[in-house]
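Can you read through this structure? Questions will come right after.
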Amino acid sequence: MKFSVAARLAYEVRETTVFILNIEAAALRNQKILSETLDLTPAVAVDRYELEGGTRLVRVVVEPGTFEVAYDAEVELAMHDADPSSVGETPVAQLPLDVVPFLNPSRYCQSDRLARFAYREFGALPPGHQRVTAICNWIHDHVDYLSGSSTSETSAYDTMVQRAGVCRDFAHLGIAFCRALAIPSRFASAYAWQLDPPDFHAVFECYLDGAWYLFDPTRKAALQGLVRIGVGRDAADAAFATIYGNAEMTSMAVSIAPLDEVEEEEPTVRAVGIA
Amino acid sequence: MKFSVAARLAYEVRETTVFILNIEAAALRNQKILSETLDLTPAVAVDRYELEGGTRLVRVVVEPGTFEVAYDAEVELAMHDADPSSVGETPVAQLPLDVVPFLNPSRYCQSDRLARFAYREFGALPPGHQRVTAICNWIHDHVDYLSGSSTSETSAYDTMVQRAGVCRDFAHLGIAFCRALAIPSRFASAYAWQLDPPDFHAVFECYLDGAWYLFDPTRKAALQGLVRIGVGRDAADAAFATIYGNAEMTSMAVSIAPLDEVEEEEPTVRAVGIA
Amino acid sequence: MKFSVAARLAYEVRETTVFILNIEAAALRNQKILSETLDLTPAVAVDRYELEGGTRLVRVVVEPGTFEVAYDAEVELAMHDADPSSVGETPVAQLPLDVVPFLNPSRYCQSDRLARFAYREFGALPPGHQRVTAICNWIHDHVDYLSGSSTSETSAYDTMVQRAGVCRDFAHLGIAFCRALAIPSRFASAYAWQLDPPDFHAVFECYLDGAWYLFDPTRKAALQGLVRIGVGRDAADAAFATIYGNAEMTSMAVSIAPLDEVEEEEPTVRAVGIA
Amino acid sequence: MKFSVAARLAYEVRETTVFILNIEAAALRNQKILSETLDLTPAVAVDRYELEGGTRLVRVVVEPGTFEVAYDAEVELAMHDADPSSVGETPVAQLPLDVVPFLNPSRYCQSDRLARFAYREFGALPPGHQRVTAICNWIHDHVDYLSGSSTSETSAYDTMVQRAGVCRDFAHLGIAFCRALAIPSRFASAYAWQLDPPDFHAVFECYLDGAWYLFDPTRKAALQGLVRIGVGRDAADAAFATIYGNAEMTSMAVSIAPLDEVEEEEPTVRAVGIA
């Protein structure tokens, strides 16, 4: 399925400032970038880097004044699709060892401290895609999606107590539970089709049966319409803009639209894999 | 019902040390102290004070050497007893205003941060003694009673995430939930009949329909066999010994036994009130 | 010295709501209320209570609509005044036992967890009023006073790390340090002369040499111009309004002015005691 | 300089258990492994993986019974050595972009929450190796090295308040401060010459002037005698053994000795770089 995505960011820059941007669609085997443009005004030199996992960083140094970023891309997704009941967990004894670090706790996902709860609540469920779905259902049912209820410092530990958050908090809690159960799990930022209002979205991915599968405990976006941007341990690794200097964002707009005719959505629940 | 209670504490004191002890049975309307002795070895002068709520503090200054405390008492309890379904909540508009501070969050009971959860989980239940019992049942079912799983720094916030604790953690979580629901709630330390192994116990009390009622989410002791010692905001107010100086506890023994013939326990569940 | 104080609060009440207000000047031996009026619009019945320590609570039940509170008072302060170097600490062995609970940690003042730092930094200083002043100086020098940098959940533990806060955070940190050093300490809200812009202010009090002395680590108000309102363990005990129901504050104004001719301020530093 | 290192671990395994071991010397450009043996008893099949950064993971599946691990190696270190005053910081605008993730906060290093303190205390110091040394000096002077004072859950946030910890806590605090100042920083476990008593040690590394430099705020080991094992975001990435199953460690011994004649130590302070 093909999508066009776009992001428009504007900043008032007050001193020479370094921006590390992470807004371009990730370079993934099943996410093909058909075309893209990144327009910066003023036009400044760009350093680029692609992290392990496909995250693409752009670094620019901007002088004081207005700074505008316009990103447009056409992307084709070829998501892996499976019957959820057929997707099991990979025992730690068989995990690729480069996946093992995604079992470790991270800034916003203290899986070590949530382990007892995760085992009590989800430990007895049959392993696999359906167990992670049960985790997502639990989050959806026990945490309020509430704009403004969390800050950039809020972690899964807090969300577990405070029971409110936004998409990144939902993802962090899902990741923490999964890692506690020895399911490798990572954070993903994305352009999200059907997300309303449009914004950068946050979901998570679990390594199951040899592939990474997508999960969205907010149930706010269509899994088959997620154009991934950054992947990492948690939100600390996937900010759309990290700023070293002094600049204030003055406007932001994000959009995504399908380029194909959209077929009638099938009611069948499918596991959506990404690698 | 009458009980004999006893506590034996021994310390190795290394420099002149102030002890503030809180081991004597509280002076309560329905907890009558028939006789008691406090023997200190060496015999040191004692300062006494009774806090609002009946907690009795003893202060002693002890020189280096061995210090032994022996407390023995006979206590008669005349607990108020009611049909739980008949005990409602007192609306804030009608609470005695001296009870209002027991709605405030405290060191170990961050009711302000647990409010959303408390409302989600218990807000729709019919108010009254049975709602607090539902809270106790939730704690019993969702938190592991596990010796050594918590420290003196563990608060209700932590227990909510970590899901393990001992009697004081269970009480703190119960208090936090109740205060979040506008039910005045306080911490109580006690000699606890049938607690096995014998130890100082921690429970909590809620102000319902004009009286304080006892709750023990650990289900480890008999409510009608609790000889209360200290009452306060939380465990910070009810330590059996606070030490200013340098002393190490070398032994501790606590006991309680009924002085009456114990009747066959009735299977009926009763609300046990204390004032 | 005499002051007139005033508070104006307005709320939009959306359902029957209970307000517990704590805006009246406290009833203290050295704070004499010469006259006062509390006007409520609409005029609703008032329940009153005076807590130990002089805090005066007012409870009203308000029906939906606009609710306005106007408090005016004339207060005469007869503060105790001493040479700071003459005011020592009271050893725990000699503290009045009713003051001992103000050594305990509380919701926002985790003195138990800050003890090592407090001893390292302030433990070797000569005890007394000047040590508490050193604590206030440390807070003033190491924490930024920054509006909006903290929330109602911020505690001394957080402020110690985050190094920014407002008056209540400064007071909480001072209280936590003092309790860690076995100096009884409590929170006070106040009308504060010279505070700019005018607002409810927060300071703290320490029990030294038989009296409570005032401290303001923000250095924003004149100690001899503090008309105290609520006193308690920490801010949890001294909210100017606690609301059970559904109401939104639409405006607030606070003022204080001296009624006497103000003498040239003496440059001498004095300890200001309050009981 | 050449060293022999050894580790002996023994476990009582109670059910089929997966061990992920990270005890082998890392494969680094300036850390040459001359010889090594890993003996497992019973002899079990081994999976190996080398993470980015040189960390070498070994995975084994062990059946119930006794499990013993013996690792021996000879390693030659060719540390980069520089005059500290000549080693500056690399501006973010010039950092290799693969180093940028080491600016992000992690599980135990909440650099986002420590930023204000780091700027207040270290922001005005001249940038470079000497600034990081000043950070290490601050940690050494303000935090007690105290065995048993922290747990596996203790983070830099806690250590900042509690002011006690062990080598991993010291490293975490150093990392958090450096990242807050935009100095890329990572955790390293090591065999540490002169550490007394011998144990696995924890230090940290900063990316300065194009190379990673070593820092040990505990001052307990010789920087030129650190045989690095695991490198990562923080201790979550560098456990010497992660256990999935049920096994208890019954003994552990770690050793390191120089193979060369050790020259008289020069009193000159040098910056020790590692890549």
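A, B, C and D label the chains in the order they appear, each numbered from 1.
As a working rule, a contact is a pair of C-beta atoms (placed from the backbone, for glycine too) under 8 Å apart; a residue touches a chain by one contact, two chains touch by 3 or more.
None of these values were measured; they are calculated from a predicted model.
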Target chain D, source chain B, minimum contact steps: 2
Give the rotation angle, in degrees and rounded to the nearest 5, that superposes the C-alpha atoms of chain B onto those of its identical copy chain C. 180
Pick same or different for copies chain A and chain D, depending on whether their interface residues overlap by over half. same
In whole angstrom, what separates the CA-based centres of chain A and chain D? 30
Distance between the centres, which are taken as Cα means, of chain C and chain A, whole angstrom: 45
Separation of the C-alpha centres, chain C versus chain D, in whole Å, is 47
Can you list every residue of chain B that touches 2 or more other chains, as numbers and ranges? 113
Give every touching pair of chains, nothing left out. A-B, A-D, B-C, C-D
In their complex, what parts of chain C are in touch with chain B? 18, 20, 47-49, 51-52, 57, 59, 61, 91-93, 96-98, 100-101, 103-107, 109-110, 112-113, 152-153, 182, 232-233, 236-237, 242, 244
In the complex, chain B residues that touch chain A: 113-114, 116-117, 120, 142, 144, 157, 160-164
